[in-house]
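Okay, got some structures for you below.
Two complexes follow with subunit A in common, the first pairing it with subunit B and the second with subunit C.
Right, the complex of A and B next:
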């Protein structure tokens, strides 16, 4: 399969689909967090320098806390994301789909040190590129996943007057029509017609909208848009 | 059943569920919290039916969303965090350490073995010190313990310096310990290196200071915090070694399963040792630099250093190991 979806079965035997995030968005999220931490420390440094030696002790304490616990606090107390992850629409979950707790979050963040080796998260990057679900070493030990926050792809489908299909459609057919409708805006009209011709029974009916236009309207019906 | 009928039948329930998830503090919830599990299970069943009967993807998507939010709500139970913390500190930690006693012993050997060897080596030939540190560093250590050997009472440094040293000790020591633990992920190589190197370093410093006639200064400074600090480092080493062993010899589990189970069993201990190092930093910053008569420092310091030992031997016996 090309899709990097991870199906998780809950105790109620219901399948939830998680969408793990790859190296690039996670690296960007890390960069944003790095800048935030840097600014926070610089600000605190200016403030605490007024307090002399006491301030420098306070600053070192703050540095320690931010260095090791910044991601932990955000992940546990702020629904799984640090500000950087939030900006990129990512969040951390246990690999059974439940929100991450103190133990797992601490594990994955303390083990950043191992991922960082030998320099600049090289080991973590290699681990993410090799792993089917893009986990770095810390994620493997903690049993956590970084996933995309759920978004509804239906919004990508261009609006058209919905029409119902003449016969009930199977899941595969529904998926195919929706995937086509999502991609349609990026295709030339000729290519759209070519693709629509692959589904002769669906793309052609008794009444006028034929071909690609008909498929778009069917898609609008499938995602539940009202006429 | 047609989709429209199905939706009409359950719409009020779904709406109530969505409202309950979105409820604000103070507002009247659509149903009491004890109904959540039953309603969640109903929703799961409806989602399964929706998928099975090939209803529209939009409906599947909507119910899937509701189920996922309900799932997160139901399974995010971290409610008794403080109680768990109290129980862990009250004996769970000690039981954990006893359960890993083989690894603790191995880590202690890797730290104290090189330390004793180095002390012996430096005692026989002081030149051996330069295997580990440069001559300038040795001179630095000696100077650090030489200043003001006669004055009693408070140190030359003021309270602000004490606090700044506290910050430094925490940052430095806890970071070393965390790295020692994380080093286990490289098969324990970094953990072993870190333990052996620190052992050698302690050995050199201790012996050179004794040779320089500063033994009394040195021991009066370190005896108070050494129990917590060395104990913390040994435990970090033990955790790192255990993690490394899970990677190298996972046994009858897959490597990632072995790592995950081991990681889960170790994280409590790692938090515990971090607290030990914070206590060590408190003692090191505020008690150790006090200049009191040597017997007083030795007595109180010795008692402080025995505390973790007593805790690990006696605490948490009732829960069993």
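Right, the complex of A and C next:
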């Protein structure tokens, strides 16, 4: 079963799943950042040109600082995201899930020179295509990971009169019923019944609510809603 | 469709995550994918460029043609991916056999004409190829599939040409890095490309790089679009829930059947057990007699068991007792057992006494602690009073035998300050050493008064008066009547009357 997740176990033995982001969204984020930097430098160029040669010196300094430290500053001080990454809902983390620090961020961004080779991040792109967690060389060296901040919107289970199950349910069964209830509002009624028919032992009982309606009411019981 | 054979993990995903998964899947199945794709695309590309080279057509004509024909190759890639998703790794032979069907199946014409420039083509390709829909139904289906992912699908289609360009530029940059600099100096870059003196080998090289990049990246683009399509199907039809339900349905009936069986058959086994028990009980007496007639039970043995007197029934399962019992049975020493039982009883009562003693000690300790903090000073244990208090030496040995007389003498000589100082000093000394007022080393005169007020209330008014007098004289430099001082001296004797005989 192929998936793009990276499971991380915290010291408290809680497993969390990071969602690494691949080549395309990251390339898009980089393009957005590129345009932002370009606009910033163009604006600064216009302003500094009033100062003559001193201005162009200042501009070169600014160019140096922005080229090298724009990602670092944003990643460390702005919750792991440059504006481009933020627009795509991405952020940089250490590969154990902790926020990225100065050292790791500096490493991964200084190594952009390596990823850039031979032109336009070609090496980085190849690395991201081949790596299981979509890491470019800088990420591999710094032990960092670019992940999605939010993956799926939170869903609400529709309200129904809760009924208890006739027999105690295992964790898998509970999870399946809750997953069904979360998805039910976006399914057609026919599809809901089709799915419910797969679980006749749970979806059909002695009393009237049968099929999908019964599963929904079970889900309401499972999340502790009161009648 | 058999979802259980799906090689991709099904879960709700964001659109970008789905594309990532698709590309990852394409790379993971690179062998099958590229072998199949190139087995179709390479011969065609060679054919096109070959004809162009032989007839002297500009090479951008075959490049344009191949670019325009991309949807036809996309179908090949999607066919391979669609099989790979269910674990079938199609070889070139199977692919070639399916090829006519792939291309003649409805939709290719539309994809090559009307929809050629559609930015959604890789996402909706599955509608015509895998679902086999056409006409109005296909249009409705496409709009449904694209409903929430159209933005991402569009951006994806926009990004791949950039990546293709990047590939070409990277190839040329790499060769520039690797070529010897002497060779580079001889090249006239502008002349290579533009009309006068242009070099055909260079242009052909460029198209080679372009075509290679296109062939390498196109299958991944199709894979990304396919994953987006799968994401939409998963969202629309809750494939992940279906998979969960199917897995559950395989385990759940077993569990429920066991529960139900238990429930249904509970009553009758219980009845059966009851009747059996009755029968056994009726035969019990006879059985016991039969067993006792065995020679093993021929003699009477008296056993002594160690039991807790208050609760004999519950001691049966104590391991310590059973081994002791076994040992005694083995030794067959009744007297020893009895003595041992007495001994243990003795230790038990000893333990009880010690317990009570411990409780008593704790109670006494508590009482002492309460007394120390709550009771007046004289009952509590005293720390040694400080030698110096508020700047005065209050050790008893530093005082004259009769401080009142000495003070009166000093006052008579006119040294009022020394007289009052001596009086105050000796008062504090008596209070500290005889009355048990617990002064602290750092107390000021005011603190001393407060403590006396709390711990030796009887002396407080006198001390207050004395202190007032002293403060007026020593700090405020007011004159103090000598009569008042002699009065204070006399009162001193009354206040600390116990000490008067000692003084005289």
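Annotations for the structure displayed:
Here is the rule we use: the second predicted complex is superposed on the first by the 150 of 227 C-alpha atoms of A that agree within 3 Å, B and C clash if a C-alpha of one lies under 4 Å from a C-alpha of the other, contacts with A are read in each partner's own complex, and residues count from 1 in each chain.
As a working rule, a contact is a pair of C-beta atoms (placed from the backbone, for glycine too) under 8 Å apart; a residue touches a chain by one contact, two chains touch by 3 or more.
Fair warning: this is a prediction, and the values are worked out from it, not measured in the lab.
By the document's definition of touching, of the two partners only subunit B reaches A:97; subunit C does not.
In the superposition on chain A, A:158 makes contact with neither subunit B nor subunit C. In the superposition on chain A, A:187 contacts subunit C only, with no contact to subunit B. By the touch criterion defined above, A:201 reaches subunit C but does not reach subunit B.
Of the two partner chains, subunit B is the only one that A:52 touches; subunit C does not reach it. In the superposition on chain A, A:175 contacts both subunit B and subunit C. In the superposed pair of complexes, A:12 makes contact with subunit B only, with no contact to subunit C. In the superposition on the C-alpha atoms of chain A, the part of subunit A touched by subunit B in one complex and by subunit C in the other spans residues 150, 152, 170, 175. Those residues of subunit C that touch subunit A in the complex are listed here as 6-9, 11-14, 16-17, 19-21, 23-25, 27-28, 155-156, 159, 162-163, 166-167, 169-170, 172-174, 176-177, 220, 224, 235-238, 240-242, 244-249, 251-253, 255-256, 259. Chain contact summary for the complex, subunit A toward subunit C: residues 1-5, 19-25, 27-28, 88-89, 118-122, 125, 129-130, 132, 134, 148, 150-152, 167, 170, 172-173, 175-176, 179-180, 183, 186-187, 191, 195, 198-202.
Against subunit A, in their complex, subunit B makes its touches with residues 40-41, 44, 47-48, 51, 54, 56-59, 61, 64-65, 67-68, 71-72, 75-76, 78, 81, 158-161, 163-168, 170-171, 174-175, 178-179, 181-186, 190, 243, 256, 259-260, 262-264, 267-268, 270-271.
Listed in rising order, the residues of subunit A touching subunit B in the complex are 10, 12-14, 16-17, 51-54, 56-61, 63-64, 67-68, 76, 97-99, 101-103, 106-107, 110-114, 117, 137, 140-143, 150, 152, 154, 168-171, 174-175, 178, 221-224.
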